[in-house]
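First, the structure itself, so that you have it in front of you.
A, B, C and D label the chains in the order they appear, each numbered from 1.
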Amino acid sequence: MKVINVGVIGAGRIGIVHLEALASCPDAKPIIISNPTVSKAKDAAAKFNVPEFTSNADDVINHPNVDAVWICSPSQYHADQIKACAKAGKHVFCEKPIATDMAETIEAINACAAANVKLMTALQRRFDPNFARVKKAIEDGQVGELVQVKLCSRDPSPPPFQYVKGGGGIFKDMAVHDLDMSRFLMGSEPKRILAIGSCHIDKSIEVLPGAEAYDTATIIVEYENERTATIDVCRQAPYGYDQRAEALGTKGMIQTDNMYPNTARLYLDNFTGNADMPYDFFMSRYKEAYVQETLAFCKALVHDLPSPCSGEDGLMALIMSVAAGMSAEQGRWVSFDEIPEVQACTDATHCEIYDPIEFALEPVHQ
Amino acid sequence: MKVINVGVIGAGRIGIVHLEALASCPDAKPIIISNPTVSKAKDAAAKFNVPEFTSNADDVINHPNVDAVWICSPSQYHADQIKACAKAGKHVFCEKPIATDMAETIEAINACAAANVKLMTALQRRFDPNFARVKKAIEDGQVGELVQVKLCSRDPSPPPFQYVKGGGGIFKDMAVHDLDMSRFLMGSEPKRILAIGSCHIDKSIEVLPGAEAYDTATIIVEYENERTATIDVCRQAPYGYDQRAEALGTKGMIQTDNMYPNTARLYLDNFTGNADMPYDFFMSRYKEAYVQETLAFCKALVHDLPSPCSGEDGLMALIMSVAAGMSAEQGRWVSFDEIPEVQACTDATHCEIYDPIEFALEPVHQ
Amino acid sequence: MKVINVGVIGAGRIGIVHLEALASCPDAKPIIISNPTVSKAKDAAAKFNVPEFTSNADDVINHPNVDAVWICSPSQYHADQIKACAKAGKHVFCEKPIATDMAETIEAINACAAANVKLMTALQRRFDPNFARVKKAIEDGQVGELVQVKLCSRDPSPPPFQYVKGGGGIFKDMAVHDLDMSRFLMGSEPKRILAIGSCHIDKSIEVLPGAEAYDTATIIVEYENERTATIDVCRQAPYGYDQRAEALGTKGMIQTDNMYPNTARLYLDNFTGNADMPYDFFMSRYKEAYVQETLAFCKALVHDLPSPCSGEDGLMALIMSVAAGMSAEQGRWVSFDEIPEVQACTDATHCEIYDPIEFALEPVHQ
Amino acid sequence: MKVINVGVIGAGRIGIVHLEALASCPDAKPIIISNPTVSKAKDAAAKFNVPEFTSNADDVINHPNVDAVWICSPSQYHADQIKACAKAGKHVFCEKPIATDMAETIEAINACAAANVKLMTALQRRFDPNFARVKKAIEDGQVGELVQVKLCSRDPSPPPFQYVKGGGGIFKDMAVHDLDMSRFLMGSEPKRILAIGSCHIDKSIEVLPGAEAYDTATIIVEYENERTATIDVCRQAPYGYDQRAEALGTKGMIQTDNMYPNTARLYLDNFTGNADMPYDFFMSRYKEAYVQETLAFCKALVHDLPSPCSGEDGLMALIMSVAAGMSAEQGRWVSFDEIPEVQACTDATHCEIYDPIEFALEPVHQ
């Protein structure tokens, strides 16, 4: 079987996560890594046996032996790097988001389509064994015809003021994952959206505009299949990273719980419960998902299959977060007909629903 | 200690539930029971050692020794019977609803207030040990400042077409309990409400008007304390009666699960899980709640305390269900300022929040 | 249907438990209660509507209208009172143990048999919905052919020194219930037994003789069906009253957990677990079992069925606890052939295994 | 930091497991692998980027650049290969058992001690995050002073007749892991042992001698600290691989559950429980433990620490399994004073209790 030669842009925290994931993937071999602070690229190369390193992302993109580029740079560079990859004929695995605004997102997607390179938006939750199991139950009809989807998503603690400010708010920087998950589970396109937000945790952000002032929000999405998904998000859960899904069908319900580092339970004189707290954030909670998304994209490259999570999927998640912000601000249902960019998305032919049966349910760690 | 002499109107299913609950209450003694089909009254009297029985509810209401009347008749008789009780100076324990329309509800409440008799709306879920525990965690600050409330409520299977038709729909005949529970847990008054409904289970009801056509709905209530409660209801849960609550606060979360007849778990070659299904409906699930609400009202009578769940509480639940219906129909947020009857409710002085610490957390069965 | 007129001996803690249980039983009516301190009998009579009270147990036993006597007196009086009941032709419901030594136990059993009155040993755990569910799974073949039984039994805290001293030790005053449960679940007679004890909690009892010096013990019982049951007991479980069973069969396993006052779970910054502790001791944990055993015995009386838990069952439990003590002291397997009193037990014709399907799985509180 | 050059003997199933584990370990690099069927060595070398392969284990042992040898060959070769490694001055990581009889085990241990090379017995369960968490709770005093240890260990299905025949029976081929775990958790040396076995699953093995005829067994081990550990094992658990531990202390209890591939729960009309079955056997269940033991031994090599699980630990586990067999056969407590080889073990200075806090609780996959 052909091995994919991978170039990695970025040796920061998420770059390291992807190097670890790539180490579990027999089909892929990182051959070069870049980072502006080149010493970080060098260290990562040493640790993960990557033969070359550089300070310049272009060296990665234009490396003659590189088949696919893993973009793990800050968000503002994504769109340009994707377009450069497309120009160089390299497949692209890009950390969410594709770009920071909608026009650039569409441009980047179109560039890949025109160059006939595969583009993967790394919405890793789709590849988490828990969420993938819910998807499978729906696809397989284990819960019957789908009736309703509910998602709960709470970060362990609020981000710094500077992160929130200018980030576009809770729908764009946080709920975007849940909006994508609701669409993934629903297997339908959104029709209209209703959102409401409020601030209860960190009152300092109340001065910020629009959805940036919220740390708590509830969203209802009505889909074309007439089903609704309900999402609640909060920037603080003192008990850890809270990520749960529930799907009700005509034959039953499936729901997922959070993940703990072990199964031990303690029974003391003042409490009986888990011996340890749930995983504390996405780096630990979604470790397996990062491996699975890597395997899934490598499989797509090796077998020339559609990207398991397309650029259009990333675009639609962004559109939904924008529409949620409009709804919360205007206190009304927002129809997706009102958002012109939806056209770019619904026209897409590659908006494949990832098949969790084939990919994600063969966990590497078993 | 004084024993309350109780008269019971109605020897149907719910009447029997209350006779059983009264049997657990040392402060109360049923002395007469009525039922139009007098043989049912006679049988119940024999089984529960009630000395007198009659076919005529007036014999109960006007019995010289009766201190309090338990109204367990069909809903359409409630308002008149409450008013007759008020006239006769008898305290009233009334199965929800107080009346079938708002004007009569207010009349009945006012009649009791004028006659200075206590009126209890039997919203039994407030007295369930599970929901009461959530309330206690909120009141005691165990979860910190409240951030959000979520309720899930699913009946085991849809009611007959004839029950749905003319019943006012899913918000009025089903979600009314959850709307009350959200207000109870929130400890605040509702500001505006958003609802959406759909039909996925029994397509025969789709021909019915308004909310009668829904078997699935989602509701967001924004309260005056700026917090939101999210409620999802469905007329069918193949796995049993599903009644769960979750409250997030600044210090943590509390959530309840459904109840099972035993703790046994089976581990077989194709499944590992509970040996038996959850309790199947309100008669089994809320058995303890029926006892606790009885104890709470008897305590209020003996010690001359406010009714633990007032007529105004019943009225507000009705108002909320009406507003939810408006919202779903009109596809918009409905403000409670738009509902004139709210005035009757918010003017009320007795709208006490029941204290679960004192009452419900001393379960009879321990 | 005939109502059983019941006389109750003893208005102490366990007497009150049985009065409460009798209140839930439509077939039984307490008509007289005795207690040496007559004021306690009077109070109990008032609270539970018992028409007569007395200081003299003989008044109960010889009351002309009494059909059955509930013996809730201290253990040393049991044997004589049973024999008096037999003489008076009254059926007997007797709190465990039948008597404090084996000879008297056999005498009491024989007296009842000779007088043709029913004798029930109130080993309430057999009627607990959780243990009864394990029995049902075994009987119904849900776990296939039985392979192994395991029981864990831990009291919340050690009893006072004076209770332990002279009580015969941990096998007799505590494990006796578990030995009976292992035999009940196994549905076979014990062949040999191995026990080992030690002291880790309250070192003051180490001076006591034999098994009185133990607060922790492990027992293996080999049954005639070649299966073994393993029992571990401890006088202290800081997290509450711990009572669990596990049965492995050729098709699967069934296990029970402890019981909690509600289903609420708390998720805080330093723990995630049950919001409240398990029930703290037998009075709360076995509340339902007390009701069920009462219903079962009343049913046996009304329908003239064998006692659901016979005197011989009580005798065998006693024999097993004695044999366990011998084993621990002598550090060897003790065969039941070595215990002559077993003869009285295995000769018994009434050693019926209680059928949990018929009785215990119709909980009163559903 | 120095990288350990590793030679691997054996490219069978367990050899592959260790190659995968080594891939997660930045301190170790496999440089040669051997297998008698050399094509398997070649395939493994290709898949895991091992530069050299051979059909001859001696090439591995005597390779000049190899620092440590991972022995993954069939058990009968272990002792000789360990001695050859010692002679060549190579550290040894050996799959359990060290040797198939006691004399050879001691010889192998002594050879390593004389050559001053480290010897690790790969008892991987000690490094499982769940069992390690129990150990930590005991070591840290979270459950107070230890009172009792209980272990349950059930294979998913019985091995073939040919595996059982001549394998020494259930204590030696199966319970040996649990005996070691009980000693590990107890942190004390065994004083006497009592075992009983029976056959309920596969009656064909009943013709085999001694403990080979058992598929079910219960063991009590009394330790020098006066505490007992109780172990039950069975060769069949239709619901999957069942591996649970429970430790009771004076302040509380800790217990572990089995592991599932995801957290999803299904609620259908005839069951509510885990959406998927537990991991089915040691390859999936102990995946993380294999990584952790590798990390722990590499750490010992890099920092010149004692072996985290010594040869003496392996020897003692073997001795305990032999003693259990004697007990079951002779129906009596067997004292470890009766086993002369214990001397070799208790004289050992390296019988270190592995510290789970330092090693195992830093899971690679977080």
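Quick note on the criterion: a residue touches a chain if its C-beta (ideal position, glycine included) is under 8 Å from a C-beta of that chain, and two chains touch if they have at least 3 such contacts.
What you see is a predicted model; the values in this text were computed from it and never measured.
Interface comparison, B-D versus A-D: the higher count of C-beta contacts falls to A-D. Residue-number overlap of contact pairs with A-B passes half for only one option from B-C, C-D or A-C: C-D. Chain centre most remote from that of chain D: B (centre = mean of CA atoms). Look at where the CA atoms of chain C average out and do the same for chain D: the two points lie 42 Å apart. Centre to centre, using the average C-alpha position, chain B and chain D are separated by 58 Å.
In terms of their C-alpha centroids, the spacing between chain A and chain D amounts to 39 Å.
Shared contact sites, meaning residues of chain D that touch two or more other chains, fall at 237-239, 242, 251-253, 265-269.
Those residues of chain D that touch chain C in the complex are listed here as 144-145, 147-148, 150, 152, 154, 194, 196, 198, 200-201, 216, 218, 220, 222, 226-228, 230, 232, 234, 236-239, 242, 248, 250-253, 331-333. Those residues of chain B lying in contact with chain C across their complex are 23-24, 26, 47, 129-130, 132-134, 137, 142-143, 251-259, 261-269, 275-276, 279, 283-284, 287-288, 361, 363, 365-366.
The touching residues of chain A, counted against chain C in their complex, run 237-240, 242, 265-274, 277-278.
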